[in-house]
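Sharing a structure here in structure tokens format.
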Amino acid sequence: MLSRTADSLYWVSRYVERAEYLARILDATTRLTNLPTTYGGAGTEWQSAVLTAGCEEAFAKAYGEANERNVCDFLTFNPDNPSSIRNCLAQARSNARAVRTALTSEMWDALNGAWLELQRFEKKRMDREEFARFLDWVKNVSLVFDGSAYRTMLRDDGYWFSRLGVYLERADNTARILDVKYHVLLPANEQVGGSLDYFQWTTVLREVSALTAYHWVYREAVKPILVADLLVLNRRMPRSLAACYESISRFLDSLGDAYGRQGPAQRQARKTLANLSNTRIDDVFVHGLHEFIEEFITENNRLGNTIFEQYLQ
Amino acid sequence: MRIRISHTIGYDYAEPARHITQILRLTPRDHDGQHVMSWRIEPNVDGRLRASQDAHGNIVHSFYADGPISALAIRIDGLIETIDLAGAVRGGLERVPCEVYCRDTLLTAQDEALRGFAEDVTAGAGTPLSRMHALMNAVSDRMHCVEASGRAGVGAAAAFAAREAIAQDVAHVFMACARHLGLPARYVSGYVAQSDSLPHGNGAHAWAEVHLDDYGWIGFDCANALCPIDTHVRVAIGLDYADAAPVRGSRQGGEGENLNVLVNAREAEGRFANQ
Amino acid sequence: MVAFDEMSGSGAELRPAYEALDRWLKEAPPEMLALRRSQAELFFRRIGITFAVYGDEESTERLIPFDIIPRVLTKPEWTKLEAGLRQRVTALNMFLADVYGPKECLKAGIIPPDLVYRNACYQLEMVDFKVPHDIYCHIAGIDVVRVDADTFYVLEDNARTPSGVSYMMENREVMLRLFPELFSTHRVAPVDNYPDQLLATLRSVAPRSASSDPTICLLTPGQYNSAFYEHSFLADKLGVELVEGSDLLVKDDVVYMRTTQGPKRVDVIYRRIDDDFIDPLAFRSDSVLGVPGIIGAYKAGNVTLANAVGTGVADDKAVYSYMPEIVKFFTGEEPILKNVPTYRCREPEANAYVLDNLEKLVVKEVNGSGGYGMLVGPHANKAQIETFRRKLKASPEGFIAQPTLALSTCPTFVASGVAPRHVDLRPYVLSGANGISCVPGGLTRVALKEGSLVVNSSQGGGTKDTWVLDA
């Protein structure tokens, strides 16, 4: 297939995934800030939401203070923020339009419908309730798009590139949530893993829809080390880094088999997957979660570049 | 006159370039006024160089290099024997009817000012030839010709309004006027050998040719205010600069391009004169 | 001036081809017709929304109105029209091969040389270059208008990148969906084999170096082009890649597509980019839509461009007036399709007539485009006429003149019910090494404003399905 087509399919999925992620961050942050400070509200939640979204520089330029209004505005409809929800959906649709015939009509309808609907939300003044509905709607768009792709796309290279976009983005998002939580949410005088940040860790689990899963898997109160275990190493947890890499590696192998040629992307993905499989969470904490995550994010970006060089340019 | 030409067109790129394609019109042909004794054109990186001919009869080289390349230089070395024919161009390859050169192009599009100028300055002259001489002198008086050194052309109308232009646009001004007066006119790119008597010599240069029924093609170099003599080496012709440009190229990547051009054209003397 | 009506001829008769349609129109309950019209609009709006959306606000504006009453041609009418189209396109291709090759028609004085040589569409790059099978215009859209029962005039030859064929196909699609009963009472020749014929045409002109299964692609200026919907539609129906300039790369005079499996050689390019923009190294250097070096590959014989570069010289306004002579010179036959009578003002006698009859004529500047520099005599005031009189005296060679035409009308749904509206017809003619083919019918365009002769979609024109009855 055309490299540009593959590239667009890949980015359509990445942008939709990113839009959903932003909605999840905003949803969880709103909940967290509603708590009385004694239960974990540290006053830095909105700043942390910006950090988790990975756009602190752009935000600092556009606004001064990280409060609810500024951050929500910046991450949802701000046209100047390249990764606001609005711009993610716009980018997804624009990429989709350029390769319209490579998508199924269900996928296109999901995106095009979302784009038209988004403009209705954009014009409204939203109260908190309305805003919550909007965030649910964004998550829903992603579910519908993802489901359409899963149910209607031919299982060939187009599908695999589209999936690679989903999982690379998801891995990056999960890693960022963990990293920001680890460093920023924690008040300076609190020891990492202390009891006060219980609600904050719960929030992390909420951000990745894993609160129930956590209880099923560990049957314990929420503990940082177990949250990290779930989100980094547990392959049963669909947003964990290990699960993402299992998928990435599988789809890259499908590409390699179909094209009759393996390349650096396949080798790199397998190496990262092997690392995740051979690591115990205790070792991660001994060497430092932050260092581990930082290295992972770098590797994940590197894989993105490798895929680009190998297939998409 | 025997003229030795060495011309280097060098590029370097801050970011390496890939898939370089260049279309080179850098090789002269023989006609009554010039004989090509030797000519070499050599890129300094690996690639494929293919020669062909364009509609005007110019020799065109297509050069392809895959890269990545961080620096590229094309070197031209040649020796030409010229004769002064007072601007007349005879015995050359003419592939398309001269009527083609009556067309206006983007770079020679006329405006009211140019048209008025062309009519005014040629009003007193009798024959087509004397009108063209009058036009050359008038363009030469009006336009201040400046060294190119990285400056890009702007086209006849804009150059005329600015009264100051690089050689290619001075030629465009003249061509636009000649075409308005109903005469076929074309663009010439070439070299002029170093000479104390010429204000614009020693290097790459551009002038124009006009077709007159009784004489055929005749060159007019407004920048030097004369019809080309034996200091002038014709390399390529076209409807305008874009059509006869020495180099047209494309590449991928290669941000931060830096262009370096060295031209030397001078009379060959002494024991090297025949080599 | 009473126009010929496709349904009722010149008076109150009912032409046989429309009998069943007329009955149906009379019997069908108005609510049902209204419902079908809105369903048709919905269908197109859906495609429109899917494809024609540009920015935020203009979502639905780009719909071209569709009229549900078809325009009907009988088999004998079409047979004659088709023979005329084949003849015309054959002549167009022979003319192009000639002006870029031996120039016999110029030597024979069929057409003044300056019309060719001074024409900016006469591409010097093509001089003495032989295209595969001598075919230049692979896809032609010949605009014809009808003035009476037996006479079709050619209004314009579109020999560059004619568009609209997707509307021809979508119009039929929507009619089949909405009015299946009509198709059981009419034997309508199908049009949905157009993509197959186009593909066969493109394959037939692949360069000799190509394999028996040549790689074909469709080159579009991109999603911001107004015809992008059609490009995408056609690529999909043809089963070929829809590429933008940046998807192609030229290396050693060979064109490749960038694919996920590395560069893939391309043999035939159905290009919907104009000559001027197709190669920044050969034509306009400021073009970012094109493919650097593609003309080099083309001239090395490694890729076929459809249509060929330089076909514009054949559909130029000035050259148009010589088409009857051109057809005769190259085919040795009398032209089956007439031109709109045209006065060439460069000829003194013609110019004298034009100057005497300015208030009756349409005067067009030969190098002007899109209605620019045009005088419509019957609608012009004295001052405008005098301005043109001066222009015509000063440079007669720059103008042609034509009588104002009564284009035929066809019953059309308008706000007040069914009323006659002026129509034209654009049939699509394909030329390949495998011969000439022409899908029965074409795209009928209709001027929706009462009395208007302007069928362009940009000025309130709509489209209709075009039926050629098989029996």
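The first chain written gets the first letter, and so on, giving A, B and C; residue counts start at 1 in each chain.
Quick note on the criterion: a residue touches a chain if its C-beta (ideal position, glycine included) is under 8 Å from a C-beta of that chain, and two chains touch if they have at least 3 such contacts.
Remember, it's a predicted structure, so these values are computed and weren't measured experimentally.
A.B. asks: Among all chains, which one's averaged Cα position is nearest the averaged Cα position of every protein chain shown?
C.D. replies: Answer for the innermost chain: C.
A.B. asks: Please identify the chain with the largest separation between its CA centroid and the CA centroid of chain C.
C.D. replies: A
A.B. asks: I'd like to verify one number: the distance from the centre of chain A to the centre of chain C, where each centre is the average of its C-alpha atoms, in whole angstrom.
C.D. replies: 50
A.B. asks: From the mean C-alpha coordinate of chain B to that of chain C, what's the distance rounded to whole Å?
C.D. replies: 41
A.B. asks: In whole angstrom, how far does the Cα centroid of chain A sit from the Cα centroid of chain B?
C.D. replies: 58
A.B. asks: Can you check the complex and tell me which residues of chain C touch chain A?
C.D. replies: 49-51, 53, 56, 59, 222-223, 232, 235-236, 241-244, 246-247, 257-261
A.B. asks: State the interface residues of chain C toward chain B in the complex, per the touch definition above.
C.D. replies: 113-114, 117-120, 122, 124-128, 249-253, 280-282, 284-285, 292-293, 296, 299-300
A.B. asks: Considering only the defined contacts, which chain A positions touch chain C in the complex?
C.D. replies: Going through chain A, the ones touching chain C are 1-6, 94, 97-98, 100-101, 105, 108, 112, 116, 119, 157, 161, 255, 259, 261, 311-313.
A.B. asks: Write out the stretch or stretches of chain B touching chain C in their complex.
C.D. replies: Going by the criterion above, the answer is residues 19, 21, 23, 48, 50, 52, 54-56, 62, 64, 66, 95-97, 99-100, 102-103, 105-106, 239, 242, 248-250.
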